[in-house]
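Note that the chains are named A, B, C and D in the order they appear, and that numbering of residues resets to 1 at the start of each chain.
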């Protein structure tokens, strides 16, 4: 009898044990998870921030369809080999040649075309068109003003910004990743050159207008070009246009003896108010008043009529004398 | 018939009005003895002096029943000192109603307005001889400026 | 940020100096007016965070006027923090001690619950009389109009208006002028 | 309510590179569709690929389409944009209509809008045409060069006409009437 009882007791004891163990394993939070994650995070931090890998290195990557999509996205039709040539940088081409020479392939088909002459042609077209565009949309601005604005539009960082927003970052063949602003700018100029070759100069002009000239929209033109001595410049212009002698006049002031003094100066030419300016002291106020007068004379005020990006610049007056 | 009745009552009232104006006490008439010399006849005559206010009198003020607010519609404040000073004697006391000819309500209102003006120190020259001519010299809190709100006058 | 933009912002947030004459004005009405100028509420660019308040110079704070008998009815409470340190000062006693204090406390209390209250009070300059140091007076470029007109005392009215002011009451003939 | 919006990048609705001013460029560069060939949750994705994917690719030649069949993985849509944003969308148990809607959303977005908290629904670089307010703007001309404190500038403008002024006015009218009578009498003689 006692034997039967002991067997039943053992059974009873065994059953809750293993059930609790199974319950145990299911509910129990594994104690090794947190330290492992902590160790992983620590090692990752020790390595420092991860270098961005190029998108070309992914599994799902097809260069040919990317090129095709790039052309279609901009609404232009390119020849793919020419576009590919536009994206290969000179440094990359040299690197490939060394690799192939090391492998012993003879000189014959070593030549990998790089985008230098395409870029040159593209930048030439872009400069010519931008100057013509500025001459037509900002007629009153003097020579060096238009040059300053044109140089801003064709500067490397503007071009780099435009090309990175068109998606050329992943398509460029360069030695280092991410591509440097110079290579981005160069590739955009090369694309313009390729476009001129494949579908004519007019399309290239439209491309330049739609992507580079539109960067002027709602931009403070005074930021791009501030005349050095505004007062002397204003005097010259007044003499040329016979507006009479320029004389600044104090219109008002705030808290004269305090640190936060503010002066309001108006510039008059034979009793006609040309411009008003503020400043923390009288010279700055006169300078800003002269700047304001120049802005209204050249019509580059903040609240001027916005640029008309739909205008067609006749190709004849785009001087392409290369 | 109604117009006849109205005419009768108005004449009755005007006659009554004259009699009331007879002063009970004997008036000390102020006369000025004037001396006139005509070819050896010198005559002395007592003439009533003409008060200097009469030529500046408003026409509408000469009616018998005149109140600045009822007839002219003036909303008098305690700062209208030029108007209030006409109802006040030189020693600052308010003239009685039989002299000012105001209705009862206006007389009481004018009284409070005059006291307000005097307390605010706007009429220092119309005060008793012993009063301080400069309100700034008054004692304690009285020397500081104060003003009054006419809305507190309850009638 | 071109120079034109920088200078434009400098002018937009410039602090103008106002002057306010408290003669014959109720301190609490004028406090509401002064508060709006101190905090910059009168500017269309006001925002609690952009601190665009102006300076206000208060002159003749000794000449403020209180209605009726408020001089003896209004009481200012102060406690030194030590036991038995409570004290109640009547308005006229406080005004006698420091003529600018009534106006100062009025403006301070009108900005009730404003966290920058003590900072804004720095921009308030109180003068009991109308003698203001010259460099402060040069800063002033605007005068705030008072809500109440200043009453004129009878003996200060010029002779000419006294002479030909119309009379609305004439003495009866037999009246003896005393 | 989740607090994720507290740490979201905040900004204003901006068209990248003045998009649409010169010409419109679709901002979606690539779309990747990951799905499982026989798992039930990818059924919607598989239907979408069979029925609608080819038409989608034809309509939008500017978008590169990648299809990733992965065994035992939930279906996922990943959109990559020209400004570098990457939008990850799980389409587990969603029907093909829903997936078409999500793909349309991805195509018409500027960037991953779920990661940007819009502070305002508009943006302009030229906020004011006449220039911001300055204290010099509405100043009365006679205030220029005026000596302060001045009694004249301290008077209230909207003070009502006092009884004294009204009385003086009445007296003046009375006198004028008087003069006219005298004149008319003189003219009558």
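The rule is simple: a residue touches a chain if its C-beta (ideal position, glycine included) is under 8 Å from a C-beta of that chain, and two chains touch if they have at least 3 such contacts.
What you see is a predicted model; the values in this text were computed from it and never measured.
Student: Of the pairs C-D and B-C, which shows more C-beta pairs in contact?
Tutor: B-C
Student: Could you please state the distance in Å, as a whole number, between where the Cα atoms of chain C are centred and where those of chain D are centred?
Tutor: Taking the mean C-alpha position of each chain, the two centres sit 43 Å apart.
Student: What whole-number Å value describes the gap between the mean CA coordinates of chain B and chain C?
Tutor: 38
Student: Express in whole angstrom the distance between the two chain centres, defined as the mean CA positions of chain A and chain D.
Tutor: Each chain reduced to its C-alpha mean, chain A and chain D end up 24 Å apart.
Student: Using CA atom averages as chain centres, what separation in Å is found between chain A and chain B?
Tutor: 90
Student: Please set out, as single numbers or ranges, the residues of chain D touching at least two other chains.
Tutor: 131, 134-136, 139, 162, 164, 167, 170-171, 174
Student: Would you give the residues of chain C that are in contact with at least 2 other chains, written as numbers and ranges?
Tutor: 8, 11, 14, 16, 141, 148-149, 165-166, 168
Student: Considering chain A alone, which of its residues make contact with at least two other chains?
Tutor: Expected reply: 220, 252, 254, 262, 264, 278.
Student: For each chain, which other chains does it touch, given as pairs?
Tutor: Result of the pairwise touch check is A-C, A-D, B-C, B-D, C-D.
Student: What residues on chain C touch chain D, complex-wise?
Tutor: Chain C residues touching chain D: 8-9, 11-12, 14, 16, 19-21, 43-45, 59, 130, 132, 137, 140-150, 165-166, 168.
Student: Would you pull the chain B residues touching chain C in the complex into a rising list?
Tutor: So the residues of chain B touching chain C come out as 21, 23, 27-30, 48, 51, 53-54, 56-58, 61-62, 66, 68, 72, 79, 81-83, 85-87, 89-91, 95, 99-101, 120-126, 140-141, 144-149, 152.
Student: Of all residues in chain D, which touch chain A in the complex?
Tutor: Those in contact with chain A are residues 16-18, 21-23, 25-26, 29, 32, 61-64, 66, 68, 80, 82-84, 124-126, 129-131, 134-136, 139, 144.
Student: State the interface residues of chain C toward chain B in the complex, per the touch definition above.
Tutor: Interface residues on chain C, with respect to chain B: 23-24, 26, 63-72, 90-92, 95, 148-149, 151-155, 157, 161-162, 164-178.
Student: In their complex, what parts of chain A are in touch with chain C?
Tutor: Its residues touching chain C are 220, 222-223, 226, 252-258, 260, 262, 264, 277-280, 284-285, 287-288, 291-292, 295.
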